[in-house]
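Across the two complexes that follow, subunit A remains constant while its partner is subunit B and subsequently subunit C.
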Partner chain A sequence: MSERAYAALPGHALKRVRMGGLEAIYHTPSGITHLLAEPVPELLDALDAVGTDTFVTAERLVAQIASRFDLVGDDPQERPEQVLGERLAELAALGLVRLRAEA
Partner chain B sequence: MALAMRHACFITVGPARFRIGSDWRAPIDELRALYADYPLDEVVPDFTVRLQATSALRRYVRPQVAIAGDFTLPDALPLPLEQGLLAAEMAMNLQMALGWRRHLLLHASAVSRQGRAVVMTGLSGAGKSTLSALLAERGWRFLGDEFVLLDPDSGNIAPFPRPVSLKNQAIAAMEREVDDETRFGPVLRDTPKGTIRHLRPRTEWIEQMARETRPGLLLFPRFGFPRAVRRMDEAESFVRLTQASTNYVALGERGFDALTQFVRSVPACAIDYATGDEGVELVERLWSEQGAKWGDRAAA
Partner chain C sequence: MHADDSNMDGATPSDSVEVGATVDAARRTLLIGAVATSAVVSIRPALAQTAGSVLNCQIPVPERGKGMYIDPTGKLVTPDTPGAFPPSPRDFTGEEVRKALQGSNLPGTTREQSQAYLNYIRKLQNGQSGFTCYASLQMPRR
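For the complex of A and B:
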């Protein structure tokens, strides 16, 4: 089964402005404004930190974030990789991150 | 396309220049009277507005005006000739809303004091227009009751002080407030918005309309509710203002920059008030509280 991997968009593609707990994000290629809550800004930051041309899986991203933050979910039965994977898939559908299926 | 119109006039309001042409003389005469204090010189207009007969016969038999211009809405209803002034005003609004690109346009009213503006926005009928008119009679500078023009480069507000379009019970309220009959336009009855009467801003605010001002406070007023004040966070203000803007999407990144900068630079409150006096008092109080902070910052 192929695994999904994600990468940040080039820096100029997104304009991000923090507003309290939310972030207003302007997607330059489409001209669409998004207003997104946590953990989306943190996910985008983590992908940025990996580098724009480096595709990573949700597992790798979790490992990277876990090295800096405690990951505590609302539901202990849910694996963080699964939750982050779902959020990343949503972001890819919006065009806010790049998606690649890895063999 | 330049159509020769029988009657025409030029009107400059703030940074926008209009040319209004009409098949009839009456609406143009009324406009000239209402805009007597504004620059009426012939200029190259930003927008051309045409009030034209819905058919050649219509000009003589129960005349009706249809709005035309650089931008038109397909479902804009023709109005009877007696409402030609209203048609002209609506047409000017339409041109601004759909065509203006030099500023981020917010559907809002604004007044200022000591170089800082209070921007008031909300749904149609929420009372923002009347509240701005009241404040403008009580020592505030009038910047506009319909559109706030936000400069994406400087973050300043360019005044757009059109005559205030008073509706229904606001007419009597302002007639009590303003002791100068010559500042009022004709009473327009049975319009799609009820009874309408225009109020010309004080001459000094028209003379100063080229002078920009800095935004200081953002309010979301609601008239006719028990007094209440609620702080509004940046994200909610931002979302509401994207909805209150007529050209946010059209401006693209410049619109995003202008609006995010605006909501982060001013505190915002939703205010409910039961009477005009209460509304004025609330604005004054919030202004004083905020003014104290500006003072602290200036002193620091």
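For the complex of A and C:
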């Protein structure tokens, strides 16, 4: 089964500004600004902490985030890997993280 | 570490307490939402949105009601200045200016007059009439 793995962009590609509960993030290559709500900034932080060139799966990232946060989802039936994996796929589609399919 | 997925259902703090002996004092709850709940809003640059209307937007040369002439460098000067050109009787469209920037004359102008007008347009600043139109000519086409 191929699994998707994600990595952070190089630091200079994103300008991030904390705005209360939200974060404004400017993507330099596209000139597009994104407003991110919890838990997306935390996802980006976790990817940064892993290292720019290290690709990790949603599962590994959840383990990393769970070591710092108590994760609370809307639906107990949905696993955190599933929810955060969805967010990561979204970030990859926007070009805010890098995506690689792992064998 | 999380080989057993069943432990990951919901958020059970006891899971993670086992991870490290020292629990971070700053530890907090992270609301991760649901699968279908997006947490991102994207804002595209305002100038990019005008790209479709570039061909029709207007650039007055110069701004109306000033009674000023335009010298060859594009500066606004009094009408008695030697070598200065009178204001353009009509606004130019973004498309006309785009073509002129590529080498042709603005419609109804001589070579020198066209260059003077273009120099004026190049000096436009934010807030001046026609600036947004000129700025959107600089945006790469999508």
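Please note the rule applied: the second predicted complex is superposed on the first by the 103 of 103 C-alpha atoms of A that agree within 3 Å, B and C clash if a C-alpha of one lies under 4 Å from a C-alpha of the other, contacts with A are read in each partner's own complex, and residues count from 1 in each chain.
What we mean here is this: contacts are C-beta pairs under 8 Å (C-beta built on N, C-alpha and C of every residue); 3 or more make two chains touch, one makes a residue touch a chain.
Remember, predicted model here, so these are calculated numbers, not experimental data.
Between subunit B and subunit C, it is C that contacts the larger number of residues in subunit A. Looking at the shared chain after the overlay, A:Glu86 reaches subunit C, while subunit B stays out of its contact range. With both structures placed on the common chain, the touch criterion links A:Thr28 to subunit B but leaves subunit C unconnected. In the superposition on chain A, A:Gly20 makes contact with subunit B only, not with subunit C.
In the superposition on chain A, A:Arg98 makes contact with neither subunit B nor subunit C.
On subunit A, the surface touched by subunit B in one complex and the surface touched by subunit C in the other have residues 31, 33, 35 in common. On subunit B, the positions that touch subunit A within their shared complex are 233-235, 238-239, 242, 249, 252-253, 256-257, 260, 263-264.
Residue ranges of subunit C in contact with subunit A, taken from their complex: 1-2, 5, 8-11, 13, 15-16, 19-20, 24, 27-45, 48.
On the side of subunit A, the complex with subunit C involves touching residues 31-40, 42, 59, 62-63, 65-76, 78-84, 86-87, 90-91, 94. By the touch criterion stated above, subunit A contacts subunit B in their complex at residues 15, 17, 19-22, 24, 26, 28, 31, 33, 35.
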